[in-house]
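Before we start, here is the structure in question, set down as structure tokens.
When the chains are written out, they are named A, B, C, D, E and F in that same order, and each has its own residue count from 1.
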């Protein structure tokens, strides 16, 4: 453990991929507890945010159980958080909603800027292969019908996504009007 | 266990008292998992809602650890949820935010009406001594300066509340302008 | 007809009573078309607003059909409108949502003040027996269990309210926690 | 009639075109009543949504009167509805605002997905020539100054749009800053 | 001057009275600049908030010009600010909207608690005769028709309030329905 | 002076450039007072809106002091205003928030359309070199690392932007994830 009491790991998880798991593992190596924030919790059924926060919650639970162990909840909290229109108050908004935290682990510059802005810790995750496994690329592959996206996503998550009809939903959303 | 997969237990927990604990224990006797929803998560520093959602999150964690056991998280999720102005869509809003659930355990008629309204289970908690231990009465006692309120609240919670200055905050809020 | 093209009749209709019908008839005597605005459309399942906007829409349709005639829709539009937090812009907000109108018929001083404020017509309804037949009094009678409220409400509406469980809903809401 | 009590036909109607009329006629062939929902009712004076909901209301009234007959209102309700940021609760939100309905007729996949998601009927309109007559194409033609868009829009609507200065408004909005 | 660069003086100013002026003067004695925040800027035409933010802006300008001097603006900024539903983020929200400030001068305990909560200065104004001259009492006197309220309000403000019809508006609002 | 009592000059000021100063000077040549509205006040830390409203407030104060003179505040008010989702009510919303005004000076067609829509004055600023000095172009130059943007921005503003780390913030935001 790296000395922190709690670190936040925010993400949209549309869907969860191996990069997210690596980030959570990295955060766990640095702190006693990790709060995984499911961001944009109000969004769903869009090309950028196909899954509901509830579905993402269940998906994370399944994946963490497999990758972090059956008792992962002893050290990881999952909290869906809706967007707030004001970046400048976003971290204070998280402080309102969550147990006390020391900082954030995120690959997103905006997120790190906002945590730094109020004097908190802002860390960049280590092993983060963004080109291959980003949510954007996964959703594009699904829409194109390419099965390649499954390489970025743990089997248990692929199975969960199949159960909720992730691929069909995304393709229907992409077909738009007609 | 009583056959349900997941039940929701919503509350404002201003502050957590023995009635809440009994309700959660009752819900746990009926289902595999319980989602404790911290309601009105946007509220704090008011007479009716002195504590932030984050403080309530920590308070619940401390209390559940003591009363439900160290590994309580294996069966209990805590999720702060902000109010939505529309009662008729509130349960659908919870479905958007939370993993799938079968119904609710609540002493509140409005809550039960809304769950019944979309065909879900709505249960009344059993051992619920409302006259003595309601949040309203506790806050009134604190403002009056009567130490009696501590009978309704587990020692670990009293200690937590003392740490965050709950009594002083509530009394200052009650003193209003001046 | 009294020369106006369109007049607005706003109300919460919790529930519709004979005073509302008289107001709509009065407005119809003054203008070609009347827009009945179902106000606070976001509210429901509260003591002050037990019915949803959709239920109120159906209730108005049933009552108008009986009292104004089968083809009442040729001259009456029903539009649910959600509250906006800013009184000063409320009439402009109605102008955004509704076909053009000349003014309002309302027993409510605030409503008349706001229409006057931007130079529109603001009329007070004539035959308005408020002491006996107000929404507030009707809801109080229902909660007390007194059948007297039915004198203020057309039979077709009483029947509709019975069908959606209005009385039981209101009483359960009034019983609050427990 | 096709057995349904009420079907919803949502649209933005920026502006109304022949495809919309065909959809409403199709819905009327399947159900007793049709609720035409004017979506994104809060939007106006943008390139994508030049007309206010009130203008769209009047435009629909004029067009329906001509194409569905003088007494069209006996079977068609027009209701402006503001957007809600949460797709997952959108249909429940419509249930809150509108009289009871069985399902939707829409050429939009997202709309059909959301109605199916809570177990309602979701129908695709039949005779829908989208390439030629979509709102997007009409607005582009107007901005380019091509009169071709009038082929997609009934004469009575062209006249109404001329009266409210639709073309000039759209071109000024398109000219942006300067 | 008392060493601070900028202090905030928040108020609703419904209407401005001598207590407010004393507070602003006290704040000016302690800092180079004072930001007078017109709170609840979205409210108007209610019993508690009869005046719009724009009216309050003009009223403050008139009063400050008379009491603080023609060039008062060289040291006093007036900024209308709408409410935010979340107390815990309110001061951060002010930091987003306003030039940098060191703290607050306010007779309101909630306001002082929230500034202290994020480590800022929170001062209580000195000469503050609340019993006689509070906004609440002034509005009550106006509604009762007692001219006594004018003792609490500078002549220039009384004249301004007369010009915008403050007394009549408040009495009409108080008369409610009818 | 050109006869108006007050004119509004809205802008996002991301950042302030010489075109803005020319517009304010032009407005001052036409009216006794000018209200400079800092629009999209809720936005910050985005590519389109890097600065907070508070930073923009301070930046305008510094620039106006230098270009309009030490006592510029005697004739210029600066007011941050958050967006409202409804264009059709936007000017009424400004009327709610600001002291009375006669019209607007703006290079933006939407802004002028909305002021004209409720019968107010809408003027186009005279000396407005948009190609060279627009906010969009300035932000692009900053991201590219070209110092050319400084030609469009007064020295005092360049210095202020350097103090708050404008260039670094914008570049970090542009670098996005990683």
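One rule holds for everything that comes next: a residue touches a chain if its C-beta (ideal position, glycine included) is under 8 Å from a C-beta of that chain, and two chains touch if they have at least 3 such contacts.
Source: prediction; values computed, not measured.
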- Same or different contact residues where chain C meets its copy chain B, judged by the half mark: different
- Have a look at C-E versus A-E and report the one with more C-beta pairs in contact. C-E
- Distance from the CA centroid of chain E to that of chain F, rounded to the nearest Å? 27
- Task: Could you grab the centroid distance between chain D and chain E? Build each centroid from C-alpha atoms only and quote it in angstrom.
- Result: 47
- Approximately how many whole Å separate the CA-defined centres of chain B and chain E? 37
- Shared-contact residues (touching 2 or more other chains) in chain A: 42, 44, 52, 86, 88, 95-96
- Which pairs of chains touch one another in this structure? A-B, A-D, A-E, A-F, B-C, B-D, B-E, C-D, C-E, C-F, D-F, E-F
- Item | chain A residues within the chain F interface of the complex | 85-88, 107-110, 112-114, 117, 128, 130, 134
- Task: Would you pull the chain C residues touching chain B in the complex into a rising list?
- Result: 42-46, 52, 169, 172-173, 175-178
- Message: Help me check something: in the complex, which residues belonging to chain D touch chain C?
- Response: 41-42, 44, 52-54, 57-58, 61, 71, 73-74, 77-80, 82, 95-100
- Query: In the complex formed with chain B, which residues of chain D make contact?
  - Reply: 86, 88-89, 92-93, 95-96, 118
